[in-house]
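Have a look at these structures, which come just after this line.
In what follows, chain A forms one complex with chain B and a second complex with chain C.
So, the complex of A and B:
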């Protein structure tokens, strides 16, 4: 009887332990965007994108600061923050979603669709993003790319500059996760 | 004769103007803050406490400002081919992430976790951590 009780407690402890370890975090995820037109190519990268995945719930959250995008030219960064995404009013882009058929026990690579709400520039939209998930001994890396229409998020481009900014912006992302630590 | 000279001078001025706009404004590289005096000097703990307490107030006070942060190195990461120094805080899971200016990484390679450092950079805001870009090492206070 006592053996069973001990086993039971061990099992409970294991469950508790397993539950603590189900969250993984990326503090320095990378998101880049590209605007290609015949007039000029604009690209920028954010290397401090924050993301958390709850493996047991198959939930994912992403958050980034618009001001942390780095451009090659200072003027592009200024226009981006002041005229287009209005970083003072909308400093962050946030995404919350689920990876419904994510197989967390699978090692190696799997391609899944991440579905959720993306809030950016004061507008929330349903999005579905095809994502490559790489699992090497519990170290997860998520990568992928998708496109966003600037009209969808109410980004206004003055007529004079319209030829310089693409209507469709390409976005690439890469998140390397590590276990969530509460030390 | 003098009319021609005037036209030539005029054209030269326009050419200089275009060059200035092209190289000085349009192609101006991102900011180098080596010689910029920090507007605020603060410890990483204090900075994180302020952002935790009232994010919008802290945003208004620090975002886009050149600030100097003192703190203890928790970790140095080289993700995405960039050097970042993470400063630890009393509040365990929050840090100050300092993305180092690529021209200054030689200084960073010598740093070790546990060391107290002063870093100057441009504050960009707060997610889980306070994020600072274009950072440079100001002064190493370890041996004092």
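So, the complex of A and C:
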């Protein structure tokens, strides 16, 4: 007993607390998608994307409402929700993953691969997304872009509109984190 | 020694609190993402179910250009006309001043009726917690007859050429695929052509939409007229249709017994019953092009 045990408990204690304190959250993350074809360019942005990172576990999660995507054309927004992503049945896109070799002690910029499961339109797929992590004095910003095939998530496009909608959608994201405090 | 143990226990207890407090990140986000009720989208996709108004209005600063055509054959026709014996068309413009208020005008070729309306969304259906179970839209329309057609005679006095329709549209999107609308309607005709008949008519419309796939739906509509015109035989207007939406274009194909396009005339004066005989069955093709003046610049 005595000193070593005490120290051990204190250490465990700090680990426990550290875990709580190392959660950071982004509540106004931005996700944009782009569908570029020779016929039509479509883009939409969601400015209400939520993401949380557990720095000690190197885990990350993202969640967003499909209805929060804003299009230039109101009717396109309606078609997007009603006919393509069916947001009344599948309201959210969710991502759960890890950043395996994330160096939380490193200040400045590092590029890491985020691996995890993306669930969208009722389908869950493994994805690996190359992400730029910016750390300035404990303020984390994650940015990156990746591509998604609409067939992978069972998004149906009628034949007549096939030339208007890209088979591969480009997605860009930017999350700015702040320390997490329970609501 | 006992004092030490107590301290250890206390430490362990403090330790245990944050550890058990840890939860799945995705559950944590579920609490964060807002659960506000959202306006129901696309109870009906177009501003008309088939021939009648739907609860829908367009978003602010959108112009709809619509062309509605009807084709039919005349009874006992020996004619050699290509396709159909008769054709009628209505050209219309509808502009959404706000998300809730739309006004429109149109003119029909066959009966020469000018028609205008204002449409206001009183209540919009909302989904989610503390949502609103249905939507209500009010439509006031006026029609002005400019020539005699069928058995309707153009009144001498121009004020008698007007007729008006007031409608309260009550609709609910029950499932993502099924919507239903009830439309209590009041029609006032200024025409004195049928002196035996009322100039005020009360009708109840029922319309429904069923979505077959992402872009195709079937729709049907019927108006029961409580005190119809008896001076000539009139029937409740009925239609069965298929709606198809492709990006900025909405196409509606209908089979109907209605001859006119404006609400007041269709509901009070449909002189044919719905059947597949020549002269009675009208095939309608409607195309609506949606023009956005509201391009949001991010």
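Quick notes on this one:
The criterion applied here is as follows: the second predicted complex is superposed on the first by the 164 of 183 C-alpha atoms of A that agree within 3 Å, B and C clash if a C-alpha of one lies under 4 Å from a C-alpha of the other, contacts with A are read in each partner's own complex, and residues count from 1 in each chain.
The rule we apply is simple: a contact is a pair of C-beta atoms (placed from the backbone, for glycine too) under 8 Å apart; a residue touches a chain by one contact, two chains touch by 3 or more.
As the structure is a prediction and not an experimental result, all values here were calculated from the model.
On the shared subunit chain A, the superposed partners chain B and chain C overlap sterically. When both complexes are overlaid on chain A, the residue A:75 reaches chain B and chain C alike.
Contacts of A:28 after superposition: chain B is touched, whereas chain C is not reached. In the superposed model, A:176 lies in contact with chain B only, and not with chain C. With both structures placed on the common chain, the touch criterion links A:92 to chain B and to chain C. Shared-chain residue A:50: touches chain B and chain C both. Of the two partner chains placed by superposition, only chain C is touched by A:156; chain B is not. In the superposed model, A:59 makes contact with chain C only, not with chain B. For chain A, the partner touching the most residues, choosing from chain B and chain C, is C. Residue contacts after overlaying the shared chain place A:130 against neither chain B nor chain C. Overlap of the chain B and chain C interfaces on chain A: residues 25, 27, 48, 50, 63-65, 67, 70-75, 92, 183. Contact residues on chain A toward chain B in their complex (touch as defined above): 25, 27-28, 30, 47-48, 50, 63-65, 67-68, 70-75, 77, 91-92, 174, 176, 181-183.
Those residues of chain A whose C-beta lies close enough to touch chain C in the complex are 1-2, 5-6, 9-10, 12-13, 16-17, 19-20, 23, 25, 27, 40, 45, 48, 50-54, 59-65, 67, 70-76, 78-79, 81-84, 86, 88-89, 92, 94, 96, 156, 158, 160-161, 164, 180, 183. Chain C contributes residues 4, 7-8, 11-12, 14-19, 21-22, 25-26, 28-34, 38, 40-42, 45, 58-59, 62, 127, 176, 213-215, 245-248, 290, 292, 294-298 to its touches with chain A in the complex.
Residues 25-31, 59, 63-64, 77, 79-80, 82, 84, 86, 92-93, 95, 97, 99, 124-125, 127-129, 131, 133 of chain B touch chain A in their complex.
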